[in-house]
Amino acid sequence: MILRTFGFSEFGFLVSALLWTVVLTIIALSGGGIVGFFIALARTSTHKWLRIVAATYIQIIQGIPVLMILFLSYYGLSLAGLQLPPLVAAGASMTIYASGYLAEIWRGCIQSVPKQQWEASESLAMTRTQQYRYVILPQALRISLPSTVGFAVQVVKNTSITSIIGFVELARAGQLINNATFQPFRVFIAVAALYFVVCYPLSQLSRWLERRLHARSHR
Amino acid sequence: MPEVIVENVHKSFGMVEVLKGVSLTVERGEVIALIGRSGSGKSTLLRCINGLEKINSGRIEIAGHTVSSDPKQLRALRTDVGIVFQSYNLFPHLSVGENIMLAPKIVKNVAKAQTRETAERVLKLVGLSEKFDAYPDELSGGQQQRVAIARSLAMQPKVMLFDEVTSALDPELTEEVLNVMEQLARDGMTMILVTHEMAFARRVATKTIFMHQGKIWEEGLSKQLFSDPQTPELRQFVKADVK
Amino acid sequence: MSYTFQFGVIAQYQNEILAGIWMTIKLSVASIILGCACGIVLASVRSMKPGIGRILVDAYVEIIRNTPFLVQLFIVYFGMPGLGIRVSAVTAALIGMTINLAAYSTEIIRAGIESIHKSQIEAGEALGFTRLQIYRHVIIMPAIAKVYPALCSQFVLMMLASSVCSAISTNELAASAAFVESQSFRSFEVYIVVTLIYLALALALRGMLAMIGLWLFGRRVARRTAVALPEVQT
């Protein structure tokens, strides 16, 4: 076997794999965002059983490892007779994972809108949908930005777990390069550095949004 | 037919009964002041009248609507009944103009040009024409409260409810809000107000109701009630206020 | 689809699964104790005057918090031998988990320390406390009490994230699951059972941490622990 060294072309491969990490993150955040949004609505609903179902869902997702969600989607989908590429299983499991956490984050944001805002809009004869649409959600959205961006960092990092079922994103690409070069220290430091390049700006953005939100509410 | 009928209303929060059989009627164009110590049930009564609190028994009719727990009926009621709160409760993410135009536009489906016209008219009424594009957090408390009144008026209500609307304001800001309310009363609006402003109640309210321990303790024409209280409780209450 | 679930098969492998559970518990408890201890020390360094110490701690926290736990494990397990440090998979897992949790604990405890009012410290000085006494009773313990719910969430997340250690062949619960799956070919059943075990472990850990909080800080904290928002991570 010919050993390659970790050079420019290998680094290029890592960068192209980073693209898949980003794609998977976007799938997770948009899919998880949609599912999580409805779960957050159910969690703050006036129907007791809807609240209970939503709360149970959140508790379960937050009480099991992302890896298990991944395996269950992977084997669950193949059990259903679907031979799907790893991207689908990876995307599905990341969506489920993100939905559980986003729902809980957004529940907190919806509930942090003062209850007087509900009363005022109710007194203006708005329907519950109108109250959400025009009064509650616009305010909750602003409150939710810092923590949502902060959670995006967690998603970027957790997409690395999908390498375990063979989806070739950044972490898996690192393993592949390592198998070819046997320079694990260099390779994985480079991998870590690439994750850092994506995550650090997001973390800083989250912090900046947090400070801005804080400054505004104390005006 | 009276504009507001409250008949033998009972209301409890858990084990505590806050309204113990309250009845009153309000004729069109009347201004009723509800006074009493905190905990006497006056704010709860006001909130029951527009359905924000559910009553346990009794009957409330207002502006031709019966207060029920059916959301659709409640919404119909609220298009005819405005309420203004102690803490203004403007929508902080909307400008003053948007605050006022929102409900007419989405609830009553009024055309945009017309909602704007209405908004400008009610803003002028409360003396804040120049604040159309300002945001709530750029206004003083008194200005915010006047916008809240304008927001309610834009729905063209038949009855207006005021829940201690000046309690959170400094004296000089209180005055500008009371002036707006007095103007409304003079224009013939039917109003029920929970207030601590005795002088205002005496001057503006046609009738004043003194509530005590969840009941209507004493009621009458405002001037009479204040100058010649019949019960020791009201006498003490009026005296405490003068002091 | 005509698939019959057979959970019975898994019972044959209960020893493997129990061994996995035991390893997950050991790794979690050890990394929580070590990570939290490191967090207290680093947050203390961080709260001192600006200087090289603070810069180093900040850099450490940012690097760990902005890279995946899995890659951190790879560096410890596959990368370190290249520098002449060879460790077993279990040791590598413990090191990785401790390094990771220490960074998060540092950040959380730092926030707690910053929320302690200057006047509290002055009150301590006025009462004639020594600097160490002030540090312990006026700063660190109240700071931890304040952020205890966030710390607990982080501990639970670490326990769940320990499943990733199976990728470096640490024989904890997720690795047991993979082994049983390869032997029994009942993939879905195995992972359902193991997922439920993780759920039970998470609930048990949460309960235990709440009790420890009650014992350490009294009633005021335990109440908040129950409603804590999780500080999300792996």
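Each chain gets a letter, A, B and C, in the order it is written, and its residues are counted from 1.
The rule is simple: a contact is a pair of C-beta atoms (placed from the backbone, for glycine too) under 8 Å apart; a residue touches a chain by one contact, two chains touch by 3 or more.
Here the structure is a predicted model, which means the values were calculated and not measured.
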By number of C-beta contact pairs, the top two chains: A-C
Maximum centroid distance from chain B, chain identifier (CA atoms): C
Chain occupying the middle, per Cα centroid: A
Averaged-CA centre spacing for the pair chain B and chain A, given as whole angstrom: 46
Distance between chain centroids, defined by C-alpha means - chain B, chain C (Å): 54
Centre-of-Cα separation between chain C and chain A, whole angstrom: 20
Multi-chain contact sites of chain A, meaning residues that touch two or more partners: none
Contacting residues of chain C [partner chain A, same complex]: 1, 3, 62-63, 65-72, 74-75, 78-83, 156, 160-164, 166-167, 174, 177, 187-188, 191-192, 194-195, 198-199, 202-203, 229-230, 232-234
Chain B to chain A touching residues, read off their complex: 50, 52, 71, 75-79, 82-83, 85, 87, 89-93, 102-103, 106-107, 137, 151-152, 155
Sites on chain A touched by chain B in the complex: 116-117, 119-128, 130, 134-135, 138-139, 142, 219
Touching residues (chain side chain A, partner chain C) in the complex: 60, 62-68, 71-72, 75-76, 79-81, 101, 104-105, 108, 150-151, 153-154, 157-158, 160-161, 163-164, 171, 174-175, 178, 183-185, 188-189, 191-192, 195-196, 199-200, 203
